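Below is one structure; the comments refer to it alone.
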Amino acid sequence: MSAVLSVAGLHAGYGAGDILKGIDVSLDEGRVLTIIGPNGSGKSTLVKTLAGLLPARQGEVRLAGERVNELSPPKRVRRGLAYVPQEYNVFRNLTVLENLRIAHEFMGGGAGAPLPEEMAALFPELPSRYPALAGNLSGGQRQMLAFACALTVRPKVLMLDEPSAGLSPLLTVEIFRTVKNVNAMGVSVLMVEQNAIEALRISDSCVVLAGGRVRLAAPAAEVLGMKDLQRLYLGDTQQADGQPAGRAAA
Amino acid sequence: MLQTAFNGLVTGVIMTLPALAVTLLFGVLKFPNFAVGAMMTVAAYMVFALNAQLGWPLAPATAVVAVAFGGLCIAIDQLTFKPLRGRGGITLMVASLGLGFVLENIARFAYGNTARSFAIELARPFRFLDVRMNREQMITLALSALAMTLMWLLLTRTPVGRAMRAVADNPQLALVRGIDSERIIRWTWFITGILLAVGGVLIGMDRALEPPMGSNYVVGVFGAAILGGLGSALGAFAGAMIIGVVSELSTLVMPPNYRIGIPLVAIALVLVFRPQGLFGQPYIRK
Amino acid sequence: MLAATEVVKSFGGFQALAKCTLAIERGTVTGIIGPNGAGKSTLFNVLAGVIEPDSGGVAFEGRSLLGLRPDQRARAGLVRTFQISRELRGLTVLENVLLASPGQSGDAAWRCFATRRRVRAEQETAIGRARKLLEQVDLWALANEPAGNLSGGQKKLLEISRALMQEPEIILLDEPAAGVSPLMIKVLGETILRLRAQGITFAIIEHDMDVIAELCEPIYVLAEGRTLTHGTFREVASNREVMQAYLGKVA
Amino acid sequence: MISFLVLLGIVVCFSAILALALNFQWGLGGMVNFGLAGFYTLGAYSCALLILKGGANTLLAALGAMAIVAAACALTALVTLRVTEEDYFAIVTLGVGEMLRLVALNEDWLTKGALGLTGIPRPLGDVIPADVYVYFLLGLSVALLLGTLWVLNVLARSPFGRVVRALREDDVVAATLGKNVLWARVRIFAIGGAFIGLAGSMHAFYYQYIDPTQFTNIVIAYAFMAVIAGGRGAHAGTIWGAAAVMVLLEGSRFLKDVIPALDSDRLAAIRIIIIGVGLILLLIYRPQGFMREYRLHVELK
């Protein structure tokens, strides 16, 4: 099956140095890809670059085969590359309904309900809170609203930046179940996560990022099976530059 | 006493429009527009040109100029502020100060310093509960009430209005939700232009038409916007009303020409005790 | 030496710190680790005085710090660096460091005239000290460069030199290794160990486990706004609860 | 023609001092002062009143004016107690500036309102013969300008100067490096205020009569133009900027005989339009100005 989102030789960063030092990642149609790795490995930078908030210094980003490097974030969203940031992912001073309306109108949704019926089923709690200000919602509800906003117009790819950060275990499970359901509707998902085990359980493939480079790309089940997965976090993942982390003995 | 309170109400209402414009612009572009006074002056003179010189009645003249001035503000933004986008608050502020000098003095160059007034028929003031309300004040109340409801509807019911509030709330998220910020900035300037045009006419009716007419209001308008909480439309309305009434009432207690002291004291109090003003959200420190 | 007792801090409904208690002993290099959103940076800002806690106490050498401004804490010997380095772009590298030298009589405007010789003499000694610090992290060659032109790693080292210039009792380092090349990290580690030998205490927030393992003893693990556990790296690394905090709650 | 140049020279001197004061407050310290005209008015009137009402000699009056304006600026800077964003501070200074001008216009018992104050004596006016006095005044003005430059340069090069520039760059970092930010801001604005008071006093001595119409926005426009053109933080640059602005615009007096239709009001309007446009163009195309602020340089042997 063809890759709905492919990244080749991507370099990007904020100030002087490059945080991403040549990334190759591809997400297949209808699949869920989880990117894990210690902090400072460039996970968030990668997603921000794909969303267009950060310019790609080198390399190419293709959405459904079409090069999007030159497109501004609004244009990328309208082409179906939806993105949910980790923090500040809702308009706090606008109501829940207005959040959804804005996403719907400006992502090319045209007329019709702000949330298509199939999506509304995923977020039962939202309609009752339409008049409330998004800033007053709880952490979990805000995350659900951010999801819903990205899904008001069926995207080709949904990118999530650590959706479970700062949430209780119970809510984390609910978040990942929602991701599973969204994927079941044919939306490919690229997810950056700290919660490695939970995220990998619902993913098809996994990429391990460290020091701005891809250290490992393998099916999720295989990475889950790795005994010293924790070594990735607590162990010496920081091999001297250039050498990928050794594949652990099964 | 009641008469002064009513006059205060009128002054407050007049200040609401520019205060809304300042707050709206601050929300989206994150800098106080110091040219707000001069812009009102220029718009007022444009209406004066149609009304007094070409004989148009005031209402159509104001409507035409309001729309034209909206377009003019977009052009001014493209020329002056667009090249400075992202250069930081101080640069934009100083540029807006320079722009204010230019606009005010274009009016001074064209019409000189002598005070003028609109050509509207004088009518007997309307008396109610021994409060004298002349015709201009009635028009002022009606016109600004209309402008405010239109503004409120725009901000809450239309996509563009919501987008403006979204960009003010979180510019980066707005981009990722498909909002093209340049287009929204143009819309913001267009609406600012309309508000300032109507505001200029109201000032011209309430007082005389002269080059410094707009800049006399700048401190009051900023006082209203800050008191209400920069960025909050409701705050701008509330701030303007409070400052309008209080400054008018202050004339009973102290010499009238120090009315400007009231908004200044209001700003100082807000800055020291409640920086986000009455309705604004706390200013997020960098 | 520096202790936070039952500190609570929430931002609009989200409780960043929930009764978090932590003590940093004199002469140690204490590590603070934990997954994203565990409240590390918030705790850091509370200790540094940038954020006031909702409740709970912060004490430095027995004295409560509540209500003290950041500059008062700095003068008391509690110095900090920033997660995203904040060099003073318009000043040169040397000026950045000189600014940090404590008790400069030249900081008072009138003394720059009244006691010009003394001000100049103090500046010369300060330049001497600054030079030693900058040479240790080989930034002396860039002394006249505006700080804005430095690379990411160099900006971090400049910040640390600035902190050291303040003759601190304790330095709070916020992710010193983030975005720094492995070579520079080695230089950083050596500098910290050498300074600890001279009696300076460190508290480090860091994600790079090699740095933590090599430098820090004891280590505090924060999760969901409170202290999960603390101990040596071996104890902490093998602790099941820590694993779960990092790798995800297996509900 | 010579006397016109001498007079122009004197005006350039005290305008340059005013610009230097703004350069210290804003260029170095990052504190936007939109109330410059108001403080300038306060300086001129304080000096005049200290002589006419207080009976002080010119030297004492000038020092008094400097102290008064410095105190006014210090009070204004106190408002940055909690909110340090520059846009709020700019609005406060604008308001204070307006208030000071209103006081000059309306307090007839003190300032004789629109009529203004006349008969302000000049330093050593009675000692130096009238025909030669204007050259003495030029010499005095140049001396005061160089004195101001020296003082501000010593400050800019001193540790205090680094604190001032650090506040402009990032006041949070300055705080974490042990600097009391509020107290530093009060000092910066007060020092600038003192030199605004000096410029005001010289203005009073030069014109020998002052009324509110002399202190319009043109004062603010000139000073900002001079500071931006000269290069923010560059004291010497500010002086060149001030000289250029004054020569360019005072010279425009000759426009009157070139274009007869111009009356003085229109001419004044054109001047400010030129300055306003110039200000914006400079900000867009040459924001760093023509000279750079002082940076410590050491031998790296």
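All chains are identified by letter, namely A, B, C and D, in their written order; residue positions are counted from 1 within each chain.
We adopt the following convention: a contact is a pair of C-beta atoms (placed from the backbone, for glycine too) under 8 Å apart; a residue touches a chain by one contact, two chains touch by 3 or more.
Predicted model only: the values in this text are computed from it and were never measured.
The set of chains touching chain A and also touching chain C is empty. Just to note, of A-B and C-D, the chains joined by more C-beta pairs in contact are C-D.
A centroid comparison over C-alpha atoms places D as the chain most distant from chain A. Between chain B and chain C, the centres computed from C-alpha atoms are 47 Å apart.
Between chain A and chain D, the centres computed from C-alpha atoms are 55 Å apart.
In this assembly, the C-alpha centroid of chain A lies 43 Å from the C-alpha centroid of chain B. Look at where the CA atoms of chain C average out and do the same for chain D: the two points lie 42 Å apart.
Shared contact sites, meaning residues of chain B that touch two or more other chains, are absent. Counting partners per residue, chain A has 135 as the residues that reach two or more other chains.
Looking at chain D, one finds that residues 172 touch two or more other chains. Shown here, the protein chains touch around one cycle, each chain meeting exactly two partners. Applying the touch definition to all chain combinations yields A-B, A-C, B-D, C-D. Interface of chain A with chain C (complex): residues 15-17, 19, 38-40, 135-136, 138-139, 162, 164-166, 168-170, 172-173, 194-199, 229-230, 233-238, 240-241. By the touch rule above, chain B contacts chain A in their complex via residues 159, 162-163, 165-166, 168-170, 172-180, 281. Partner chain B is touched in their complex by these residues of chain A: 51-53, 72-74, 77-78, 83, 85, 88-94, 98, 101-103, 105-108, 135, 149.
Chain D contributes residues 151, 154-155, 158-160, 162-163, 165-166, 168-170, 172-181, 187, 191, 233, 293, 295-298, 300 to its touches with chain C in the complex. Residue ranges of chain D in contact with chain B, taken from their complex: 26, 30, 32, 34, 79-83, 85-88, 90-92, 94-96, 98-99, 102, 105-106, 172, 217, 220-221, 224, 228, 265-266, 268-270, 272-273, 275-280, 283-284, 287.
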